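Step one of this worksheet: look at the structure below.
Per-chain residue numbering starts at 1, and chain names A, B, C, D and E are given in the order in which the chains are listed.
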Amino acid sequence: MLDAATTTDVQAETLLEVNNIEVIYNHVILVLKGVSLTVPKGGITALLGGNGAGKTTTLKAVSNLLHSERGEVTKGSIKYRGEVIHESDPADLVEKGVIQVMEGRHCFEHLTVEENLLTGAYTRKDGSAKIQQDLDLVYSYFPRLKERRRSQAGYTSGGEQQMVAMGRALMSRPETILLDEPSMGLAPQLVEEIFTIVKDLNEKEGVSFLLAEQNTNVALRFAHYGYILESGRVVMDGPAAELRENPDVKEFYLGVSDEGRKSFRDVRSYRRRKRWL
Amino acid sequence: MLDASEGYVTEDGRKIGGVVMEMKNITLRFGGVVAIKDISFDIREGEIRAIIGPNGAGKSSMLNVISGFYVPQEGEVWFRGAKRPQMRPYEVARQGIARTFQNIALFEGMSVLDNVMTGRLNYMKTNLLQQAMWMGKAEAEETANREVVEKVIDFLEIQHIRKTPVARLPYGLKKRVELARALAAEPKLLLLDEPMAGMNVEEKEDMSRFILDVNDEFGTTIALIEHDMGVVMDLSDRVVVMDYGKKIGDGTPDEVRNNQEVIDAYLGVAHD
Amino acid sequence: MPDQLIFATEVILNGLMAGVLYALVALGFVLIYKASGIFNYAQGVMALFAAMTLVGIMNGQVPFAHLINAVFGGHITHFGWHIPALLAILLTMGVMVLLAWCVQRFVMRHLVGQEPIILFMATIGLAYFLEGVADLMWGSEIKTLDVGLPQGINLWIDEATFNIFGYGFFIDNLDIVATVIAALLVAALVAFSQYTKQGRAMRAVADDHQAALSVGISLNFIWIMVWSVAGFVALVAGIMWGTKSGVQFSLSLIALKALPVLMLGGFTSIPGAIVGGLIIGVGEKLFEFAIGPLVGGATENWFAYVLALIFLVFRPQGLFGEKIIERV
Amino acid sequence: DLVFPSLSYRTGPYAAGGIPFADGYADYFTLLNERDGGIGGVMAKVIECETGYNTEKGVECYESTKGEGALIYQPLSTGITYQLIPKTTADDIPMHTMGYGRTSAKNGKVFSHTFNYPANYWDGASGAINYLLDENGGDLSGKKIALVYHNSAYGKEPIRTLEELSKKHGFELAALPVDHPGQEQKSQWLQIRRDKPDYVLMWGWGVMNQVAIQEAANIRFPMENFIGIWWSGAEHDVMPAGDAANGYKALTFHNVGTDYPLYDDLKTHVIDAGKAAGAGDQVGTVLYNRGLYAAMLAAEAAKKAQEIHGTADINASQMRDGMEALEMTEEKMTELGLPNFGPTFSVTCENHGGDALVGVTQWDAANKAWTLISEFKPTDGEVIGALIEEDSAAYAAENNIEPACN
Amino acid sequence: MFYREAGDFKVSYRDDSQTFPIKFDRYRYYVVLAVAFGVIPFLINDYWANALLLPFLIYAIAAIGLNILVGYCGQVSLGTGGFMAVGAYSCYKLMTAFPEVSMFIHVILAGGITALVGVLFGLPSLRIKGFYLAVATLAAQFFLVWLFNRVPWFYNYSASGQINAPERDVFGIIITGPNAPAWATYLFCLVFLALSALIARNLTRGTTGRTWMAIRDMDIAAEIIGVNPLKAKMSAFAVSSFFIGISGALFFALYLGAVEVGEAFGIQKSFLVLFMVIIGGLGSIFGSFAGAAFLVLLPVVLKVVGADWLGWPTDIVAHLQLVIVGALIILFLILEPHGLAQLWRVAKEKLRLWPFPY
């Protein structure tokens, strides 16, 4: 597959800038211990790392959803287009063009699939014709949703809910999308498709992405730049292509070692874990 | 390779026994939606059986039928050679069927330890009065079960979060705790619904190791749903493929992988 | 026996009317529940507060007069003006919007994403607070509310039915007015919540605060909006009940009459509030009429709840409530 | 100081009734202090404690004030009364429950520390019937009387008496309970409309009163034939119904209005001096007068106690003796500046309930005023006496009390 | 610094699941017990007993009971007042029917009867959930109150419809009626509270507690992993009503002495106990104590400060009291939605980390 990194100028204007932030939950649980990253305009930036590394927390810090989980940014700053945003209302952020697709779907259970999608267009002011157009676009991305448009989202399958969450975010015509594990629970075909959509949006519409993903393989294939988080710190970053070639990344995140891909059956014995910290 | 009554031997030399659970012509409808259409398949003693298929194919619904949460409109479920009468989910659990859920269903208000302890409910025999006194039997029982649970916790390497409320855990660890809860029940049949969603390769490897070990050490029969083809192909002995509620394939990973219908509906490209 | 039948008919008609009055209170609950999943315990007190404010404004009472007098001495009580009802209602509505803003600013905003029972508890705190403020502001004596609504037997119906059955039915004019207002309110609210963007957003918020935030729905705005509308409904209920029984503390207890209605109709359904109200109204009146004398009467309070309970056993989400989603 | 605790309720569902009573009670003692320098030279001190008509707060109030040398309690709530009956007896503090509380406390042989002069609920029931007898030339046979009552112990009080009286006088009684709080009374009043009773009696409280009067007006029940107990006969009960309430009647055991010499003193010494309790806007209302009357009776009993024991600084036990020897005569009331303000009566150990004289008042909507339309007249001691004997005997048996006068 | 668990190692699972795993906590708990049983009875007077301690102890029992149902099993109930009434009336009937029998037994039997009634009214919980259930339990509340008001048998046909607690004793010490000494009533309630807390703690840390919490957190998943919902919910209703019944019996017999059902056990009572549970902390025994203490003491404190010290008019104090209680409830929820108990836990966590902020 074509390497995306080479096609776009990564050093474009910086859209999002996270500056050495520290996040504490519940006043006592320190989760992020100084995370810095930048998302350039028109770039796809991947945030990688194991369970509990703090990817979700980082994204929520950016989108200001931490408050509702009793978390707060205690140090550092987050800037979008040079403006400090971590004090503002999440809704304002969406108006500015930043939208998050949350981990674990978070559909509006009692609304129908279509109503779910329409809530995505809540902040839009460009008339219902345009919105209808985008609705059709989403349906063309996810034909499965069109079939289920009248059913309550709570009763759709896990993957269908994931599509709803994605589609809903697209409906707001964002400038930047924060994607939290978009591939989770999706059939392999759809994973490809979703990333193709990401790439499409990125290339055709110039949408920037900050992408938290466990599926390192795919993520690094589509991203331009990557950060690796571990226990709340950035332990490595670099252009996606470079990361892909890094032997440690290869072994621990891509599951390939020098001998090529290993079978999951062969990992039965305990393996040495490499940690940067 | 398949022997109808007596089981078979896998490539890596494990002995698979007779049929434990058999689904016969299951049909499940929700109003107008047909989630499962006339599907039959079986699960054999000691095997790792995978169910795959595109989103919304009806895989989770199938697990729900097995664990008694959904009652199919048509069809029969046979368990250990007898037709299972309609029963409540907790009665199914008593028969030795444990499971994990696609959208994590942990008890968020409890600690990891307590969550795993709930897996042992079917082994708790003391009554309310004895527990109220917390003496003799009740305490002995608690301690005995605690030992089993601690083993499971050790096994899944979650000792360090034993006392943490699960609500604070990251997604991947929650999945692991859910597995621990299911394992604590020492089930005969373990149902796993996308146990590795949201994990990176390293964690998937860990998870695979756990699954294989359980299967190996305790001879637990496992049915699992997973979208990571690598995992499915590597771990499972036999695979059922569903699409739009219908069964479109059933066989060894190799057979399934090369089935054109499966490729069209699900895999997209032939997977290596 | 036909006598009994005629009486029963009269009882049913009056039950329907009483049901509408219950439904007016229930509507306020439904609105807030629909918009935030909050069971707003303070709804009854809001009705009281609204009615007291209305009377206070109409009579030109000085707010917090008693407190001011106690602290600074002096004897101010009234500004000495009298404001026409319609203007006073508008002003009161302004106060209710202000209240909605305060609720959002000082309570709801800080409780985003909490469990329903916590939010429920917060509304209880709010109820206490509001009750205290209302009393401090306007005093706790009974006030007469007269915004010019007709009251008493409707003679036309009395006569008409007398000519037909030989027994004139008693229908209260106030009930008729309430019915008309309730019908209008329900129609407007249904249209709003089902077919508008804000209505959709409102329902989204009820399902998942976080997700709603993430798509850019401003919880603050939605809440101010919904609490204002609920305040308006409370004002309407307060006017109706206040006209009936004078404005006083007990007005806040009408919430208890609304709960079975809510349960039966479904917490999330606006039409459900009306239908539930009608069923409860007729049910309790009929039971009191037919069975009451056998068991010593005063059955209305519990019968409404038992009736609702029986319905719930068959439909756990109430008649029109959204189905409770049970999935794993 | 002579301490008079006032367990008031200026908040909660019944605040409208509690406020004027508490104001009247306090103002009278203020007057005594300001004008006379106290009672027998000792200043009176009113300790107000808010109960909100709630029994638990009532207990708290009792416990917190009894240590301050409280002379007499006016619990102002039947619920609190029931709790305090044994407690006050044990603590040797008298209690005055005027027109409420436990009716059989009239029997001082059993209830040594509880006084309910000048009238009780059963007197009320009988007084209403007597009034109706008068109206009907002494014959009620064949008449229908409905009783609309608050479905609580309080509301059920008159039923036994009325049943006895209906046997005696041959009227037909229909009892219609209204559940708390009483905002919905359609069923009851529709039934009244169908059954067309000749008279309706009401034992109501709080919002129930206002709604009942409004509903009676709605069904055009003749107000003259609608009689409430004294707790259903204040200004705030009739005002919400406006002109429709005109002619409504209520029982009473004290007079109405401000047309007494004492009110002039009250105006100069208390109100104009800015020493009035509460907001000062309740003077002269029915319940204000009742509070004032209660205070006056308490002060008179204190004077009596001072007289008996020869000390100005009496204690609670001595106060009890004063109450048991209290005698209200016309001369005394005139002397106090309250001529004909209440019935004349005297208290003895056997009779803690006075002479059971009950009057009737009527509402004049045009002038927004109550007028006494029937003087204080005796009630049916024969019927009531038997009931009291029965109930107090039961209480004595249950609590191992040996009825006696000491 | 002040609060350490390091060095306090457990060598057995048994030690680890005891009530106070940390030594420091354990000692503090013993001290509290010693003071409650050994010191207070000698200092107590009528005011402290009747105005503060008795209501606190009795409400704490009710709160523990309700906490089991709401906090542990997740079944919101507004029928507490009704169930307390069942306890009170059964106690009354027992007291008058068997005067010789010890009060101790009467109170426990009253709890047992309430447990049966509780199970009966708990049955709908199998179908009805959440706030629907809460409102449905109001049916129990209103029906029970109506019943006790309506059927004279319950109040022994007394003319007034009230019930009065006759004088009864335990081991020869009078504990009901006006002549009961303050220390005796206090100790009697304290014993019940201590036992209730112990039993509640034992149940909630073991299997039963876990089934309850499983039902609370996710009832469907709980059933699928093997919890019998009928058994779990009914046992919660039974145990909860048992405690509530006991508290109702004590409330009537020891505290108020005379009761009229509508007033003493009305819907306000249901709400009050629920507030205690939520303010104190759902799913926490300590929280039940804290909540009861808070809501019993706060009004008294406010009253003393406002009316007695500052000398404000009582009505203004009473209204301000409403305002303050309401504001405090909201404030607490904002600070810590999981109640005073959680506030305490967070404080401990902070202490443990002290002097570092985290």
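In the analysis below, a residue touches a chain if its C-beta (ideal position, glycine included) is under 8 Å from a C-beta of that chain, and two chains touch if they have at least 3 such contacts.
Keep in mind that what you see is a predicted model, and the values were worked out from it rather than measured.
**Q** Counting one step for each move to a touching chain, how far apart are chain C and chain E?
**A** So the least number of steps between the two chains is 1.
**Q** Would you pick out the chains that touch chain A and also touch chain C?
**A** A chain counts here if it touches both chain A and chain C, which gives B, E.
**Q** If you average the CA coordinates per chain, which chain's centre is most distant from that of chain B?
**A** It is D.
**Q** Which chain is most remote from chain A in terms of Cα centres?
**A** The most remote chain is D.
**Q** Go through C-D and A-E and name the pair with more C-beta contacts between its chains.
**A** C-D
**Q** Measure off the straight-line distance from the CA centroid of chain B to the CA centroid of chain E, and report it in whole Å.
**A** Centre separation, chain B to chain E: 42 Å.
**Q** Counting in whole Å, what is the centre-to-centre distance of chain A and chain D, each centre being its mean C-alpha position?
**A** 75
**Q** When the C-alpha atoms of chain A and chain B are each averaged to a single point, how far apart are the two points in Å?
**A** Spacing between the chain centres: roughly 29 Å.
**Q** Counting only residues that touch at least two other chains, what does the list for chain C look like?
**A** Touching at least two other chains: 66, 135, 140, 296, 298, 301, 327-328.
**Q** Quick one: which residues in chain B touch 2 or more of the other chains?
**A** 69, 101-103, 105
**Q** Counting only residues that touch at least 2 other chains, which ones in chain E make the list?
**A** Chain E, residues with two or more chain partners: 146, 220-221, 224, 313, 315, 319, 322.
**Q** If I apply the definition of touch given earlier, which pairs of chains qualify?
**A** Contacting pairs: A-B, A-C, A-E, B-C, B-E, C-D, C-E, D-E.
**Q** Would you mind writing out the residues of chain A in touch with chain E in their complex?
**A** Going by the criterion above, the answer is residues 24, 26-30.
**Q** Considering only the defined contacts, which chain D positions touch chain E in the complex?
**A** 8, 10-11, 15, 19, 48-50, 52, 54-57, 59-60, 63-64, 66-67, 78-79, 82-83, 85-87, 89-91, 102-104, 151-153, 156-157, 160, 179-180, 278, 387, 390-391, 394-395, 398-400
**Q** Along chain A, where are the residues that touch chain B in the complex?
**A** 25, 29, 48-53, 56, 103-105, 144, 148, 151, 155-160, 162-163, 181, 184-192, 214-217, 252-255, 261, 263-265, 267-268, 271, 273
**Q** Would you mind writing out the residues of chain C in touch with chain B in their complex?
**A** For chain C paired with chain B, touching residues are 327-328.
**Q** Touching chain A in the complex: which residues of chain C?
**A** Touching chain A from chain C are residues 112-113, 197, 200-201, 203-204, 206-221, 268, 322-323, 325, 327.
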